[in-house]
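Have a look at the structure below before the remarks.
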């Protein structure tokens, strides 16, 4: 380790935040860019499955809540792209990576939202899993990322409560509504567990990231925590978690749960989920169709600046 | 009158059909092309207001009937374009005239179909008025047009019965359905009366066309006939014709009816109906987006012909 | 029509305008030209949905038949909707959406201003709240129209087309009918015909700054206020109302 | 699942495939590239709607709960629909529509052929009638795919894209599940996995004549037969079912 690297690691070990203009190892920068932009992309792509129900939300209040939620996701995307930009990459570059299929985003958004209950399940399970991932990251070593996480976590926990509230209404509603809720849980449970990534044994990069404090807990730790938190919530709803192997292990003080279908996980990551192509195409279309608007806004700003300058001269 | 013109008129007076290859006055040809192509265009544009309800028809049977009806309209358009083509104008030329807004079509199709009852009202009233216009044209002097009319009239009367049947179901249905039917009658009544064209006093071209037997009855005659036929049908449905001046005139043996709002008529013809722009844009879009298909079909046919020729050689 | 019935109609118009325009704007969510616009369009849509709730709940109260905002929004068919034709027009490209918004916002702003002095305190109160929001809407749609009008050649062309295309739906906004007149008579709402000049003034100033040409007065499309809509509204309602229609006895 | 339940499911699949594909084709009405195609697409759609009625009425009879074809078509939500994913895919351009049609028609043809010898006479009878229609559908979609594949550069490119894009929805057609197996066991329907080779043969021959490249076997999208659809189906049903949902006690 070079003296610079040593000093850098010492700061991290002492829980001092790294700020944009400070020296940092190239690998730290690159890993962070990848991690933050993936997170940003996930927020952006995540707007689609939920956006799918805005025009069909069942009450005006639910519509407003959902719209506000999807709006928050756009906002989170913005914070995160800004955080990534402090590492010397532009939003346009990141968008191009997303649009070209080079960059990844959370695989969960490649599943379709088929019923209104899916909006509840996403809030409850997907945002729940996201928070589980994100809460520790509020303490991560990179200042801008840490601060973005603090803002995001506050809103996400709000979203999770709203999702749970939707599930509650359904679970206490008509038989069809209850069935809708159970069906959503059946479809979203396993993909939610997959959100924590491969099991620790197969997780690359983890050790270095943890040393750098840009990853705080291991995938399996967080997944266990999520299961432990969520199972009682499902019970409270009167819904059944679709895992025959799920049971409380008094000895461990945790729930045991069944084997994840990693084949599905890698297929969906690899582009073969139900909606991968649709999500990407929708994004690219929005981006391409918006180009003339962005160009015009830029041209106008340039004209305006020139005029101001001309006046000043 | 030249000897040719005299001979031509004699044939017409003797009820002998004029056929494509025979001599005819240029004005006869031009008037016929305009009349037949306007009729063809009306069939094509007429597919839109009814097509609007195919995906939303209330039962599978109604859906099939409506789809078949709109299909018939495409078929009528085809017969009529073919009849016009015998007069030395191509379908493409006529389509271009329609797409450019140069050619007219029946103004009635510039009104929107707002409820399912409109599908009934169009069948009953609009097709009813069309038949009233078309039945005499089965005897018109130009052979291909006359024969097209014979085929078309048979199908149209079928359509009219189906439309009336929809109205009947609604008029005998729930209070909301009955109201839907009445509302449709209210909106389609006057535009249907306008379908017969300006009153005789203001109708140009009529005298010559009648002499040529490409117009058999006057606008006002046909309109009166339509009113006389339709009012009892409305009564049978238990619906009220939206005309306070409507009453039976025993002396004339006809219904008297109120003044038509010719201002509206000329506005809609002139392009200012509720849907003129939408109808034309939809048509142009279909035509433009279909261009590559037509081009490819032509290219393929040419290749195939060349191959057959090469083989033969 | 007695005054209460006229008031009910009037409130439906206010609520339905907000509902349908909010619906259209919410269709942009996730498809906007930039993230900032996803946020901004959603903001305007949210304001409009909030206004919908206020107006339609009040409409339900005035009607006195136990219908609340949700019942009115989700259980009426097209012929009972009272929004102006302008707000139900399809989003088109961003130019169409922004011109539709400018035309509506400017009118909405002037109308709400008038409503803040309504003799009906409930209406004045909602109008005051909505006016604050709509002030921002108008500021924003003006800025975009100027920016895109005076942006690139392409954006200028698109904006001029949108300006021309939507013009015929603006006349309806300023044509008082018996409902409007009843409201003027009762001191509840302003005479919409008096809003035309200030609106035109705003439009002229905006078009000029945007280097665009304001269309000439011409034929007006009308009918929305009486429930005679374009063919677009039926499809909006099919989506909007699906769940309430498909699960009639459920609460959500 | 007992045999009757399996049969009900099986008939729903047959009916829903026809219903949803018929719906998609009917969306073309008035928008086709030429009048002849307006006629032809409507013809195919009409055949499919007719088949829907036959299959779903029989499904209702088998279920024995008093549901007829209309009730089944108009009053089930997405999760209860059993069509394959292929048929609910959006129309796209004419190339996409024609490739979707070819993929489906060829399978449909082979399946119906198998069903004509069903031990269930009602099914054999419907299949025989439908087979006649579908023979024409297949002929027509083959012709179009060849014509457009071997037409212009543009049409070739569009067709190749469509061929590639829809390929992943074809696997589901040939994957038997417990319902299919129960029907094979009962002598009611053919083993769909045995249809794959003949289907591929047809596709290869067509692609060759069309100068197109048949995609390689790859990932398969599945779920439709179990009611797990794409996000498109919900919007189809919102339109399809609007009137029946909005006016629950009416007859039409």
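Letters are used for the chains, namely A, B, C and D, taken in the order the chains are written, and counting of residues starts over at 1 for each.
FYI, a contact is a pair of C-beta atoms (placed from the backbone, for glycine too) under 8 Å apart; a residue touches a chain by one contact, two chains touch by 3 or more.
As the structure is a prediction and not an experimental result, all values here were calculated from the model.
Colleague: Could you tell me the least number of steps, going only between chains that touch, from chain B to chain C?
Modeller: 1
Colleague: Counting in whole Å, what is the centre-to-centre distance of chain A and chain B, each centre being its mean C-alpha position?
Modeller: Computed value for the inter-centroid distance: 58 Å.
Colleague: Can you work out the whole-Å distance between the CA centroids of chain A and chain C?
Modeller: 35
Colleague: Roughly how far is chain C from chain D, centre to centre by C-alpha average, rounded to an integer in Å?
Modeller: 42
Colleague: If I count partner chains per residue in chain C, which residues reach a count of at least 2?
Modeller: If we look for residues of chain C contacting two or more partner chains, we find 77, 234, 238-239, 242.
Colleague: Which residue numbers or ranges of chain A touch two or more of the other chains?
Modeller: Answer for chain A, listing residues that touch two or more other chains: 56.
Colleague: Touch graph of the chains shown: is it line, ring, star, complete or other?
Modeller: Basically it's none of the tidy shapes, so other.
Colleague: Could you list each pair of chains that touch, in label order?
Modeller: A-C, A-D, B-C, B-D, C-D
Colleague: Using the touch rule from the top, collect the residues of chain D that touch chain C in their complex.
Modeller: 77, 234-235, 237-239, 241-242, 245-246, 248
Colleague: Which residues of chain A touch chain D in the complex?
Modeller: Of all residues in chain A, those touching chain D are 49, 52, 56, 112-115, 180, 183, 187, 267, 271-272, 274-275, 278.
Colleague: What part of chain C is in contact with chain B in the complex they form?
Modeller: Listed in rising order, the residues are 77-79, 219, 221, 223, 228-231, 234, 238.
Colleague: Could you please specify the touching residues of chain D with respect to chain B in the complex?
Modeller: 19, 23, 26-27, 29-39, 42-43, 45-46, 49-50, 52-53, 56, 69-70, 73-74, 93-94, 146-148, 150-152, 154-155, 158, 236, 239-240, 242-244, 247, 249-252
Colleague: Please name which positions on chain B make contact with chain D in the complex.
Modeller: Spelled out, the residues of chain B in touch with chain D are 44, 47-48, 51, 54-64, 67-68, 70-71, 74-75, 77-78, 81, 116, 166, 169-170, 173-174, 176-177, 282, 285-286, 289-297, 299-300, 303.
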